[in-house]
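Think of it as A, B, C and D in the order they're written, each chain with its own count starting at 1.
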Amino acid sequence: MNFDALRPLLDDICARMAAMPDRGTVASYIPELACIDPARFAMSICLPDGRQISVGDAKVEFSIQSVSKVFTLAIALGRYGDRFWSRVGREPSTHVFNSVQELEAREGIPPNPFVNSGAIATTDSLLVGATPKETLAEIVRFMRQAASDDAIFIDPQVAASEKETGDRNWALAYFLRSCGNLRHDCALTLGTYFHHCALAMTCEQLARAGRFLAGIHPDGNLIAPGHIRSINALMMTCGHYNGSGEFAYRVGVPAKSGVGGGILAVLPNRASIAVWSPGLDRYGNSLLGTQALEILSQDLGLSMFSITPGIGPSRI
Amino acid sequence: MNFDALRPLLDDICARMAAMPDRGTVASYIPELACIDPARFAMSICLPDGRQISVGDAKVEFSIQSVSKVFTLAIALGRYGDRFWSRVGREPSTHVFNSVQELEAREGIPPNPFVNSGAIATTDSLLVGATPKETLAEIVRFMRQAASDDAIFIDPQVAASEKETGDRNWALAYFLRSCGNLRHDCALTLGTYFHHCALAMTCEQLARAGRFLAGIHPDGNLIAPGHIRSINALMMTCGHYNGSGEFAYRVGVPAKSGVGGGILAVLPNRASIAVWSPGLDRYGNSLLGTQALEILSQDLGLSMFSITPGIGPSRI
Amino acid sequence: MNFDALRPLLDDICARMAAMPDRGTVASYIPELACIDPARFAMSICLPDGRQISVGDAKVEFSIQSVSKVFTLAIALGRYGDRFWSRVGREPSTHVFNSVQELEAREGIPPNPFVNSGAIATTDSLLVGATPKETLAEIVRFMRQAASDDAIFIDPQVAASEKETGDRNWALAYFLRSCGNLRHDCALTLGTYFHHCALAMTCEQLARAGRFLAGIHPDGNLIAPGHIRSINALMMTCGHYNGSGEFAYRVGVPAKSGVGGGILAVLPNRASIAVWSPGLDRYGNSLLGTQALEILSQDLGLSMFSITPGIGPSRI
Amino acid sequence: MNFDALRPLLDDICARMAAMPDRGTVASYIPELACIDPARFAMSICLPDGRQISVGDAKVEFSIQSVSKVFTLAIALGRYGDRFWSRVGREPSTHVFNSVQELEAREGIPPNPFVNSGAIATTDSLLVGATPKETLAEIVRFMRQAASDDAIFIDPQVAASEKETGDRNWALAYFLRSCGNLRHDCALTLGTYFHHCALAMTCEQLARAGRFLAGIHPDGNLIAPGHIRSINALMMTCGHYNGSGEFAYRVGVPAKSGVGGGILAVLPNRASIAVWSPGLDRYGNSLLGTQALEILSQDLGLSMFSITPGIGPSRI
């Protein structure tokens, strides 16, 4: 990607998104999130040469919510390796992100680590041998190193807000526990889960935090290359809940969304991208964030599934 | 991919597969397929420079079955463009490949074009304005051009075998019809469907037939680049039925399997690969075919989700 | 039940039903049924003393459709006894009457003999050792004896109408067959099924035909008392598809509905009742037929679940 | 029912049950219940004339568990009448008694008041305007009056045991709450629920407590006759979870089971019956309790679906 050509393209996308009449619906089930201005929009791209380019509200913090699941998975894979997969599956889901139905049909094994049930099980695995405080400290530390920025914090009000209203997540946690797939008290695990979901980050920080998955982190590999490959694969097939097939079709890169309206997208060896627009589509993914990534992907041919014109032998 | 380095690697994979004690289960529900020797194995790779390298029984014909769905989708997208998607979805499935359950839950819209219901609807769309004979002729013609080989035929015995025993497919066709998502008589559509599934091809032919999806076909693009991208995306998220997440995790490239034991894998701009081993895993995908692709992918770093060592700025 | 008191009550119900603005929706998926006048209404009651009382269009023929399933089950139980239950379950269903979903979840064993899948399997069992013609002759013969009326016939136009449009039933038949739970060709079994569903009867005839289930048939028991008990139990828990719980709650007697708008209700030792109103509710049961039975049941205390005032010891 | 003829019959049933090799499996998920002796057996019958006949361990207390749901429903119907049904359905279920799946598919409206989700919602409704203590006092008071026995208590150890291990019930409560179908804190509602499930009663007490549903209570009607009819209907179609159809088929009377191994059966105007055998079948219903009721029903022709020999006109 040519850095200089990116600027006008991002400016254009930003302008088009500002003009969009349908901005989706801001998540209302977490009271603290419900008051976010739906007009917010930001995008930020990190390149292999270390440069970063951003547009819009890229320095405004938002709640990364489920995007944090990428990072907890990274830590869990680092700690447990393949043993981690005894507790969580690797297949896309067909129900809503907080479905208990799919968990019951699978007898307590979440379909993948990116739906709520799977992420709760992941958080639970991180609590083995550590207090919630220590675990959260580890997550924040990892995030800060990933983003090369110590000014990343958990928003306690958002965490508290979800703790009080996250009944569906409590249902998931108790269901996991009834199947023997939760080792700790639901309150302990969910308390930790709600807190890491409440990480507040700017689009710039999030794009930088995702560099390690693109293999372009200044500190080298924060986790084993095999785990990077695993996480990217899961982001491709499961990163947008039951809208993952659609996202792969439209954008064609590994990505993870959060109900705060953020999306982290990864282009191995090429870039990490963060986008933020608070309004959601019916699957719970950022409506304009997806559209912005789709335009960017089409304009730059970023989809992994694209062919580059003029490769074949006939054209030599 | 270095052509000369591929030969010893493929020979090694071929030898390892020959020694595998668990070869999966040969599909028994199509009588003509049940008598295939489970010891068969073949692999063939086409490169951008036009060269092709093969090992094992790469000149032995097998029934490509559901791999044909990639080619009927290509023709349907060429004919209908985005209108095609009014009849078929683009999301992975969580039930078995011939499930009616998922079709009923989605009110007659198949989850994607690669499960049986979706492929039957695709075939049905091709029959608009054409007889089954003309449609099959078009499919065979497309396949021959794709493979640059006129010696590709439909095996009438396999087609007849499935026609007599394919009760579950009849159930799917009638269900589609009851929802208004089948325009023709079930017998007409299924007759055509069973015949294109009964295409007999060698691994060499199949690898060549897949080149257009990798953008390395000698005739240039057989279909629009946008449709290539679409098909590859769907192969990634839906190409292995309810085992698609697992395949993406293990192998990491777009691919489509068939119950004949064949798999066609696509590496955009880099290669098209066909593999054949008749024994299937519990999802109906080739057991050793997947393992062979996994080894190849790991050894050559083919997964789209891998990072290449030494890309990042810290290593400059 | 006092015969003389019934007349004014039935007249009143008939008048109230005539005034009902919401008459439900006449089944449209069988073209021959779609043209029935929704204003039709009839009710007929047979008493133990042999007398019968009727109101409304009780001498007008209608298609009994799924009410015929009671009679095919009676014949099948007579022929196979408990062995019959190896092919069909005895539990209520939670999906629509022609659901394949539930059949797939139960691996080809229909939940009960009164949903379509179960009735198709029942018909299939009757075809063992007999041609469709012989089987239909047996069913008609049974029905005529039950009704003490030789003027009962199958309406060939309705049978043909369903044969052409009954795609969902074909899906069910093929699904059963794919699970090994259909012994004959789908066309053979469904042809027979569509024909017995196309039995044309008047409300008077249907009420008389149901007497054997109430134990008040002039010829004594047409089938073993144990089978009568079984059928009545199934009518109670499964006779109104996924609206069976509601019917038991509101009316409280064993009954079976048909999409032609007929309902046969049984009061063991007391009465058999037929009602007809063509408009259906969302479950596919006669809307006004149910309401008429509810009023009758409440006025006469017919529900099996009612207590009779003044029975207990404190009131002696 | 002839009182004198009952004694030898009950003695015979008791002896046969004592000799049964397969006694089912004692519920293990509530630790306090797991240590119950599976050899226990008791049966008790109350007749309209006020007499009661019992066999076996009829004076030994057991945990009535879900049988209590009949009584909480009685109280709730008395308080809310038809408004109660806005929160709970009236249809049988097809999944296990503590399924969340079915609740999610129905968007938070439990299928009926006798599966766990429905009973939790019922308990929640009783807490409106009352503390848990007051509500439990009301339930115990109702039970004592129903049984004409003040020596009925809640077993605090069983209640505590379930409170600690009832994770699936917590999942159900939180799920209800996430759908807006739980008014109180989960802890408040579940605490009350676990306590009324922990009512300890003898078979003699339970049979007497059920008399009001048969209309043979010495104090007359404890609740409105219409509500008695409603409860009996629901016991018939939903009283044995997803084994309700089977129970209706085999025994043919309204009844409610509990995982403590108790069953309360109601014969309107004729008798109330309690049976106890701790071992459960795969649905969570008492294995031998059902068998004992089946023998009793067959020997005495108790099934509501039976015809009485010699009723019909031909036999006059």
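The working rule: a contact is a pair of C-beta atoms (placed from the backbone, for glycine too) under 8 Å apart; a residue touches a chain by one contact, two chains touch by 3 or more.
As the structure is a computational prediction, the values presented were derived from the model and not from experiment.
Among the remaining chains, D is positioned farthest from subunit B, on the basis of C-alpha centroids.
Centre-to-centre separation of subunit A and subunit C, using mean CA positions: 55 Å. Separating the CA-averaged centres of subunit A and subunit B is a span of 31 Å. Chain centres here are Cα means. That of subunit A falls 48 Å from that of subunit D. Counting only residues that touch two or more partner chains, subunit D has none.
Contact between chains, per the stated criterion, is found for A-B, A-D, B-C, C-D.
Of all residues in subunit B, those touching subunit C in their complex are 99-101, 104-105, 167-168, 170-175, 177-178, 186.
Contacts from subunit B toward subunit A in the complex involve residues 48-50, 89-94, 102, 111-112, 211, 213-221, 225, 228-234, 236-238, 242-246, 248-249, 252, 254, 268-269, 303-309, 311-316.
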